[in-house]
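Sending over a structure as structure tokens; questions will come in a sec.
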Amino acid sequence: MRKEVPLLITFVVALIVMLSQVTTGNIPGLGVAMPDLFERYISPWMTVVSAFSLCLASVNLIVVHSRNISRKQSEWIYSLILLGTLVIYGAWCTYIQINPDNTAAASNYSLIYNYILSPLMTGQWACLAFYVASASYRAFRARNLEATVLLASAILVMLGATPVGGVIWSKFPVIQRWLIDIPNMTGQRALLIGAAVGSFVACLRTMLGIERGHLGIGGS
Amino acid sequence: MTIAPGNVFGFWMLIAISALVIYTIRASERGKFKVTIRPIAGLEAIEECVGRATEMGRPVHFSPGLGDIVTTSAPDTLAALQILSYVTDVAAKYDARFLVTIRMPNVYPLATETVRQGYIAANKADSYRDNMVRYVSSDQDAYAAGVIGLFHQEQVASSILAGLYMGEALLLAESAARLGIMQVAITASVMQVPFFVAACDYTVIGEELYAAGAYLTNDKGRLGGIAGQDYIKLIVIGIILIGTLMTSAGSNAIQSLLTM
Amino acid sequence: MQISTNIWQWISVICIFGMWSLPLYKDNPFYRVCQNVFVGSCAGHAIGIAIGNIVNYGFEPLFTQSKIDLLIPVILGLMLYTRFFPGVAWLSRWPVAFLVGVGVGQTIYASLRSQVINQSIAAMTKFPQPTVGATINGLVSLIGLLSILTYFLFTVPQSGVVRGMSELGRWMMMVTFGVGFGNVVSGRLSVLLGELLKIFGDWLGMI
Amino acid sequence: MSLMERLQNVDSRIIYVLLLIALSLPLLRPIGIPLQTDPMVRAVYDIIEGLDPEKDRVLLSMDYSPGAGLDAEVSPVAVVEHLAERGIKWVAISFGTTDGPMMTNRIIADLEARGYEYGKDFANLGYMAGEENAVRLFALDCLSVPTDVRGNRTDQLPVMQGIKTIKDFAFVMQFSMGTPEMWIRQVVDPMGIKFATGTVTVSVPSIVPYFNSGQVKGVMGGVSSAAQYELLCNKPGRGAALMDAQSMGHLLIILFIVLGNIGYFMVKDKKDNLAAGQ
């Protein structure tokens, strides 16, 4: 019971979801089609269960940081800041979700969302531009022939992608196009096929219960 | 109930290759044939990663990626969890300080279970702490910010990034590189590979992610699965070659068959 | 130049500088505050959305439209928390098994159909192509594709033709990764440019 | 430490500051580097030039959120500007993200301020939940959205008169942060409509196969496409100034790669010579 039921749940749910992508028409005797079964039951159920698991994970976050604060561990003040903002945003956002009619609360929330959370997010994103620059400088070394090929195609694409490349040599955009259209497309396609085969086998093993470590059930 | 048009070939191919894979798994388990995998350098480096952290008395960080288990990123995440299971073993063996960060809440219960069982299996149940696995944030940017914060705060010595990654890959990897953290990245996310190559000490790419579990554990069943994977690829290569020949000869029969 | 007098504009620029202070300066308290506010606010926001989902997609239809079937996910969701009670902790595997089932089911056929079959069809080129250039391109694509697939053959001994092909495969991948890198650079720069527009335009009023 | 060793060990912060300067200067003082147009961008322009303002209407699927920043936002702004210029009526709807309607409203606010009329020249049908299924549903019955974001009945909107299915739109364009598989699978392949897409720079290589196969008739990707588009329309806006900055940024990054490598090889040579001399 402890082992079999979870494996059975995975198998049955996976089978329904998979068949919902493949079949049409009603299931004999049930008067409902697989795609409907997925849309009406599995999918909304998943939304609800996922929401519960987000709350579970948040419990972990809250416990870890509360512990930092209560034990006055080093840098506990930051844990306090984290928990403080979590409570403010959490309570406010929950209120709006449950009371969608209160437009004043919603518009105030969108202020703290748009002018605090959102710039923090885009500010962090923009750091990627910095890191691209430092990684280029520090790590993109022509250590061997393979690395040189990587570097050369990267530089050619960069030159072709901006107007200044076309000014330096009119053929740069042509080369860039070719690199994107032919070798890049080929590589992407091959990696896509390979990854799909790998993920297919991984899924099959999980669906059949051969792989079960993630459930905390030992031994295959 | 009938198979929807356009899926007939796909459905029967699914059945056929499933049977093939099940056969290779069983055959390998029974020792009917021996499967050896070519060396994958990046995976060998994981033990070095943990060992180094232990020597320095600082934590090892592991991330199972940004993917979820309820979407098409499920196989990437499950593969990452197999790697997590191996890393847990090594960490328990070395008594290393271990830190796992989680982005997707759905992955959290799976990861805690994997780590807890790993410590129990290694007879180190006492060393297991419930703050080893930490949920950070479901937002990918906030997740990256939180992990970078942990790198600084906990003085992480080495970091293993496995699974699906998005644009945040470079934020994590380059911040770690600036702190001198030893890194191994294992991902099938094509767009992120160049950045991992630039910032990490070892990068394991593409399909190797799904082979990692078998490679690290040397489990016969898993190795059989890898052999099955190779057969499928040989079949695909065959289909593409035949299709190209027939197309060149002016026939679209293969295309029609595949889209049946 | 006309500096903005909108307090929110100032706050948002402070937030941006806070996040930038890590790369531009070093780890510092200002960054730490911003970082923790960021993680906390995102986590809080997610909790709000999650509770909203539980109420709006779970309890609301369950009680007002009496959709009894929604009891199942609510119970499964609550079972996640049995992990805190050692005696019944094993029950927490059920919801996990459900979630994994959804993910595996979504992927197993879809990856085969859209990635393996459709991409194989797309790879079938007609030879010879109308022009010499197109024929060469077609050959590069075909041989490149097969060589990368060969590189990922794990159990076949790497010798002879296989070795040659997989070497070629590595080269093709390096070009792909190079293109990927070059291409992403412009995308990343645009994001930084967007922030600079905010700073010089909306805040300082210089543009 | 020799110059070469120093060249190999420049502090990251110096690199970051140089990058900030290289991007800021052209923003404040545009240089005006000439642009070349990409055939994929030109294709979008040609389609819209070919539309008849009297009877043709356009559907825009707005599937991007503010998180993607400028890179996602500039393309729709440039295309809508072109539509408005030519007096072609358009309707926006969102499937991919709940932020979509808000992004549309930003564009509409600007047009309304210039005297264009909501409901007659354009409309915003808001967000339709259900992802791919919603796309299919809307394509088969465009009136399945009962009201627009302002609460008007969809079938009463002047701009929606005579529109029943997606085939009544002369042209459909999706603006997203990724690839347009959703539309291709559900609408383009089964119903055969004229479809183009605008996305972020990073996603362009993944869309090229669809452009080559003709499923997507035109592609715009990020700031550079938008700048080219503005140029085609003879209306250089933000995009063109941003492209100068982009160019400088790229050149600087290439310079960093080159410098890093020069330092690397010089130091390596020196070490090799030392090893050989011992």
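Each chain gets a letter, A, B, C and D, in the order it is written, and its residues are counted from 1.
Heads up, the rule we're going with is that contacts are C-beta pairs under 8 Å (C-beta built on N, C-alpha and C of every residue); 3 or more make two chains touch, one makes a residue touch a chain.
Computed from a predicted structure; not experimentally measured.
Chain centres here are means of the Cα atoms, and by that rule the chain farthest away from chain B is D.
With A-B and A-C as the two chain pairs, more C-beta contacts join A-C. Taking the mean of each chain's C-alpha atoms as its centre, the chain lying closest to the overall protein C-alpha centroid is C.
For the pair chain A and chain B, the distance between mean C-alpha positions equals 14 Å. Our note on geometry: chain A versus chain C, Cα centroid distance of 4 Å, whole angstroms.
The centroid of the Cα atoms in chain C and the matching centroid in chain D are 19 Å apart.
Shared interface positions of chain D, defined as residues touching 2 or more other chains, are 12, 16, 19, 67, 69, 201-202, 204-205, 209, 224, 246, 249-250, 253. Contact with two or more other chains is made by residues 21-22, 46, 50, 53-56, 58, 61, 75, 78, 114, 118, 120-122, 124-125, 127-132, 134, 136, 138, 140, 150-151, 154-155, 158, 161-162, 180-181, 184-185, 187-189, 191-195, 197, 199-200, 203-204, 206, 214-216 of chain A. With touch defined as above, residues shared between interfaces to two or more other chains in chain C number as follows: 19, 22-24, 32, 36, 38-39, 41-43, 45-46, 80, 93, 95-96, 99-100, 102, 104, 106-113, 116, 120, 122-123, 145, 149, 152, 173, 176-181, 183-186, 189, 191-192, 194-195.
Against chain D, in their complex, chain C makes its touches with residues 23-25, 114, 122, 179-180, 183-187, 189-197, 200, 206-207. Of all residues in chain C, only 19, 22, 27, 32, 35-36, 38-39, 41-43, 45-46, 80, 83, 92-93, 95-96, 99-100, 102-104, 106-113, 116-117, 120-121, 123-128, 142, 145-146, 149-150, 152-156, 158, 173, 176-178, 180-181, 184 touch chain B in the complex they form. By the touch criterion given at the top, residues 39, 114, 118, 121-122, 125, 129-130, 132-134, 136-138, 140-142, 151, 154-155, 158-159, 161-167, 170, 173, 177, 180-181, 184-185, 188-189 of chain A touch chain D in their complex.
For chain A in complex with chain C, the touching residues are 2, 5-7, 9-18, 20-22, 41-42, 44-56, 58, 61, 75, 78-79, 81-98, 111-132, 134, 136, 146-147, 149-158, 161-162, 176, 179-197, 199-200, 203-204, 206-207, 214-217. Within the complex, the chain D residues that touch chain A are 10, 12, 15-16, 19, 33-36, 38, 66-67, 69, 133, 201, 204-206, 208-209, 212, 224, 227, 243-244, 246-254, 256-257, 259-261, 264-265.
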